[in-house]
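Shared between the two complexes below is chain A, which has chain B as its partner in the first and chain C in the second.
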Partner chain A sequence: MSNTYTTVQWNRQKRRYDKIMVGGMALYLLVFSLLQLRFYPNVTPETLIIRATGTLAFLMLHIILCIGPLTRLNHRFMPLLYNRRHLGVATFLVGATHGLFNLVQFHSLGYIDPLVSLFISNTHYLSWQDFPFQVLGFFALLILFLMAATSHDFWLKNLSPATWKKLHMLVYLAYALLVLHVMLGAVQLEQSLSWIGLTGAGLILIVGLHLSAATLEKKRLLAQAQADAILEGFFEICQVEEIAENRAKMVFLNGENIAVFKYKDSISAVNNICRHQHGPIGEGKIIDGCITCPWHGYQYYPQNGQSPPPFTEKLETYDVKVVNGKVWVNPAPYPAGTERPAAIF
Partner chain B sequence: MKPELRHIHRRIWQLWALLLPLSFGLAVLVLPTKVTQPVLYDQMAVKTSKIEQTQETDWLRVQIRAPDEMMPRQLQIVLKKPLKVPVAQVFWQNVYIGRLGAKGTHYFLLDSSQVANPPYHLDIRDPINKAVLQTITFHP
Partner chain C sequence: MKDEFYIGWQDKAPVSYAQKIRQWILLMIFIIPAVSALLVLGQRPFADSTFEITQLRTMEGILIREPIPCLKMPLGSDAKGIQQFQRILLIGFGKKSAGPTLDAIERAQGQILNGKSVKLAGKLIYVDGTLAMELTEGLQTFKGFSEVPDAPSLHLSLGEATLRGEILDPKCYLGVMRPGEGKPHRSCAIRCLEGGIPPFFKITTQEDARQYFFLLDAHGQPVHDKIARYVADEVQLCGAIEQWDDWYILKIDVSEGLQRLRPYWAKDQHLRMCNN
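Moving on, here comes the complex of A and B:
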């Protein structure tokens, strides 16, 4: 990391965020430990630490995964997003404590390396009930480590925002691994209805929130694209499926007679009047990549309205776009023979 | 987030919405039968007086105690040393009857069906590492 970066750019909000986070974590650990000692008086300190840190890390991951969709659904949750990276790093540290204690308690008493033991002590990889669930937790922790290690702005800038974001989307895989880790691990051992209920409720919450936010955002983007199209002078014509392959739909818009052709997953629009004897171009079809007039076979390229050489006839062209499976056309004509990009669907 | 990343994000959660509840349901389906019999620790147990059989290893002593007017037949397991594994499950005739905890004495009640077909096999298993820690056979 170069000297142009500081470890943490502290400010009043970040300090407040972190104080609340650490306070919440401490409170959880205290309450969880007291409850464990009340209901499981014979629990050993190691087991208590494993249980407390495991459940806390899983809970924190739920909170992290809720923040993104919540802010998209309601901007009032935006302050939670502000310092989410610190919450992510804290989650990794708690998860690492859980992993470390597990490794020591479950795998360090044998003659083989604890990490090797983790992978080979239980080899029922093809069994659902006896699956080595600790391996799932290991890979989830590895992802959380990767995210915590690259959480700084230095990595954001040097990896590029797109790559960084793709890398950090691995958290969804980590979440899936941890759900299986819990369901095939603690739940199978304890057979506790509470754990099943809580994990199931968390699953419904996380998946529900992400799907709701994604659906809402898709609707917003669609409405925005349609509003933009209207502002730019486009008119909605029809669904893409309403036009047969290599055929056209003919429309009159603002006095323009337009033929909208569909071919090879593309849509292009040209003037509907053939330059030869004013035949209806739109009643023809695309043959050998050219719009072919049904009257006398005059041909034009759909993208630019030009006849293939050595012919020199040209048609006016129009802008086309496809939004959510619907064809939109701007009736403002371009000079005959002007190349316009086809709309890909 | 760029539109293509947003699209990937949506697809991931649509996939998770199918796969995770399915995995969750399968995990619930393969849950071992819940053991309703509590593990009794020494201070809580009401042990019967007559010992029918005893077997001993370096780390545990196992006794079958005869029933009396108050209590059914009992399996008594005394852990002489702390367990080296955090979870140890007790299987009687290949049926899971409970878990061992801290060092000390554990009692499990055996009903008549569990002592109907001798010889009796007792396994103590480590469910995490899928290992059998001890096997003991009792002949009547």
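Moving on, here comes the complex of A and C:
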């Protein structure tokens, strides 16, 4: 975390992340190119570049979309999420190379503007089978561009985390557009089992992982819904022993997403949504006296939800009681950063 | 069990996290080449075509401007002593016909070159013995001419036929692009045909041999702008076949003799044949 903006806040893990990412991209391009030249030596350089970058960008997007649900299912995948934005920007750059070469190859050097040609050459817009698939790729690339351009924390702060998050959820629309782009373009041309199979397997993987993660989350919420005993606006949450030291239990009460932390014989409750990228604070840990978000390490004091100076992020806080070894929480939120006494047990 | 917690800005990830990521990386080292290999090996082979992109050749022959610009090059005589010719389709730079370049050359020379023996420099594009030349050098394309008289060409009427195949732009199909056919190439082919490049029709015989036809309308006039929307589709054409030297020409009535075999199930439909 930082209280100023820099282009990239490099650290050891980010450097390693990027090296592994670039290594994986290079491995793919190398294997693809060598096999292409070995089995189809009369491929043109333009076709080789278009196919290698198009398939690589699509593969990278699959990896990006797997990371979210994987970390929900197993938090040890968290290091993949930490620098996911670099993976996103790299995916856009590879996809943009694919798009640019396509625009030059198929639409330039004619009598009309290449971008105009993209939309008016194939006009079978009402045909499912003949639909101009390149247009779908264009709009997907546009979404990836918006995401890459706003991936910096400057935009996160200035757009507000909620707006930023909504914008970046468009990645699912981009993925849907790209699945259609691939199915109506390359797959329709090749009509090969491996192209159809890989596209289908990718779709099943993405949908399957998201459904699994959603099912897990739903189970957690259902279990919580059963804790419905009310005491003067307080809800019974669990036994004190059920919360590990320096860890939290996450609950949904009256529409509030709350993380209840246990530390040094005390219990405090704060809003469960990190102000950075809406990460799940309750999956974090108290380190050096601060709640630490599992996604990017943003920190907050448990008693008042404030980030340690000079940082300015704040979370809403909640009243907590411990009665007969049981933890009770009042879901009425206090304004972000309000000091509330911890419940001592 | 040790309560490990991962923070990205710390120097090292906890052991259990690092182990999981190592497993992920190993999985990726297997998956990345596997996906790459499956995609490459799942492709259809490319046409055995050639575009001599780095080689400039000078060809000499009789210049024919209409209806399909070409150079008619003498090949020698056959056993009966009849002069044989090979035609080389002339195409402009990019997705344009040879017309503007030839117009500029004629203006610069101050005379009509049609029917004269000219030397033109360009880049050859060819597949299955069918040749085209891209005129890439502007006015430098023209390397001179002579008043050698044009010898008579073979010009045969071969009757009417109903043929099924794909309309292409010859520039890309003959070798500039691989693949230069099919749906991904449709937009490019439309740009080429609307740029004035004459349309080309490919059929595949029952013996899996490819046969090519240049398309003209029923009156022998260029038809490129009228059929650009049918490229990359499987179509049925009815028309009169002629042979001009080594080229086959199919003259079609666009309003009557052209049917798109779409959607895909229409391929098996009984469609009206020529003269039925």
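Note that the second predicted complex is superposed on the first by the 221 of 345 C-alpha atoms of A that agree within 3 Å, B and C clash if a C-alpha of one lies under 4 Å from a C-alpha of the other, contacts with A are read in each partner's own complex, and residues count from 1 in each chain.
Rule of thumb we're sticking to: a contact is a pair of C-beta atoms (placed from the backbone, for glycine too) under 8 Å apart; a residue touches a chain by one contact, two chains touch by 3 or more.
This one's a predicted model, so the numbers in the text were calculated from it and none came from an experiment.
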After aligning the two structures on chain A, examine chain B and chain C and state clash or fit.
clash
With the two complexes superposed on chain A, say which partner A:L211 touches: chain B (first), chain C (second), both, or neither.
first
Using the superposition on chain A described above, determine whether A:A186 touches chain B (first), chain C (second), both, or neither.
second
Touched partner set for A:N246, first chain B, second chain C, both or neither
second
Contacts of A:D130 with chain B and chain C, given as first, second, both or neither:
both
Counting only touches as set out at the top, which of chain B and chain C does A:K165 meet: first, second, both, neither?
first
Regarding the shared-chain residue A:F106, is it in contact with chain B (first), chain C (second), both, or neither?
both
Contacts for A:Q277 in the overlay, against chain B (first) and chain C (second): which applies, first, second, both or neither?
neither
Give one of first, second, both or neither to describe whether A:Q36 is in contact with chain B, with chain C, with both, or with none.
second
After lining up the shared chain so the two structures overlap, which partner does A:N254 touch, if you call chain B first and chain C second: first, second, both or neither?
neither
Check whether chain B or chain C contacts more residues of chain A in the superposed model.
C
Which chain A residues lie in the overlap of the chain B contact set and the chain C contact set?
42, 44, 46-47, 105-106, 109, 117, 121-123, 129-130, 134, 184, 188-189, 191
Okay, in this complex, where on chain B does chain A touch?
1-3, 5-6, 8-10, 12-14, 16-17, 19-21, 23-24, 26-28, 30-32, 34-35, 41, 84-87, 101-102, 127-131
List of chain C residues in touch with chain A within their complex:
3, 5-13, 16-21, 24-25, 28-29, 32-33, 35-46, 48-49, 51, 93-96, 177-179, 182-188, 190-192, 194-195, 229, 233, 262-264
Residues of chain A touching chain C in the complex
1, 9, 11-14, 20, 24, 27-28, 31-32, 35-36, 39-40, 42-44, 46-47, 51, 55, 59, 63, 74-80, 82-83, 105-112, 117-118, 121-123, 127, 129-130, 132-134, 184-186, 188-195, 197-198, 244-247, 284-285, 287, 292, 294-297
Can you name the residues of chain A that touch chain B in the complex?
42, 44, 46-47, 50, 105-106, 109, 117, 121-124, 128-130, 134, 162, 165-166, 169, 172, 175-176, 179-180, 183-184, 187-189, 191, 196, 199-200, 203, 207, 210-211, 214, 217-218, 221
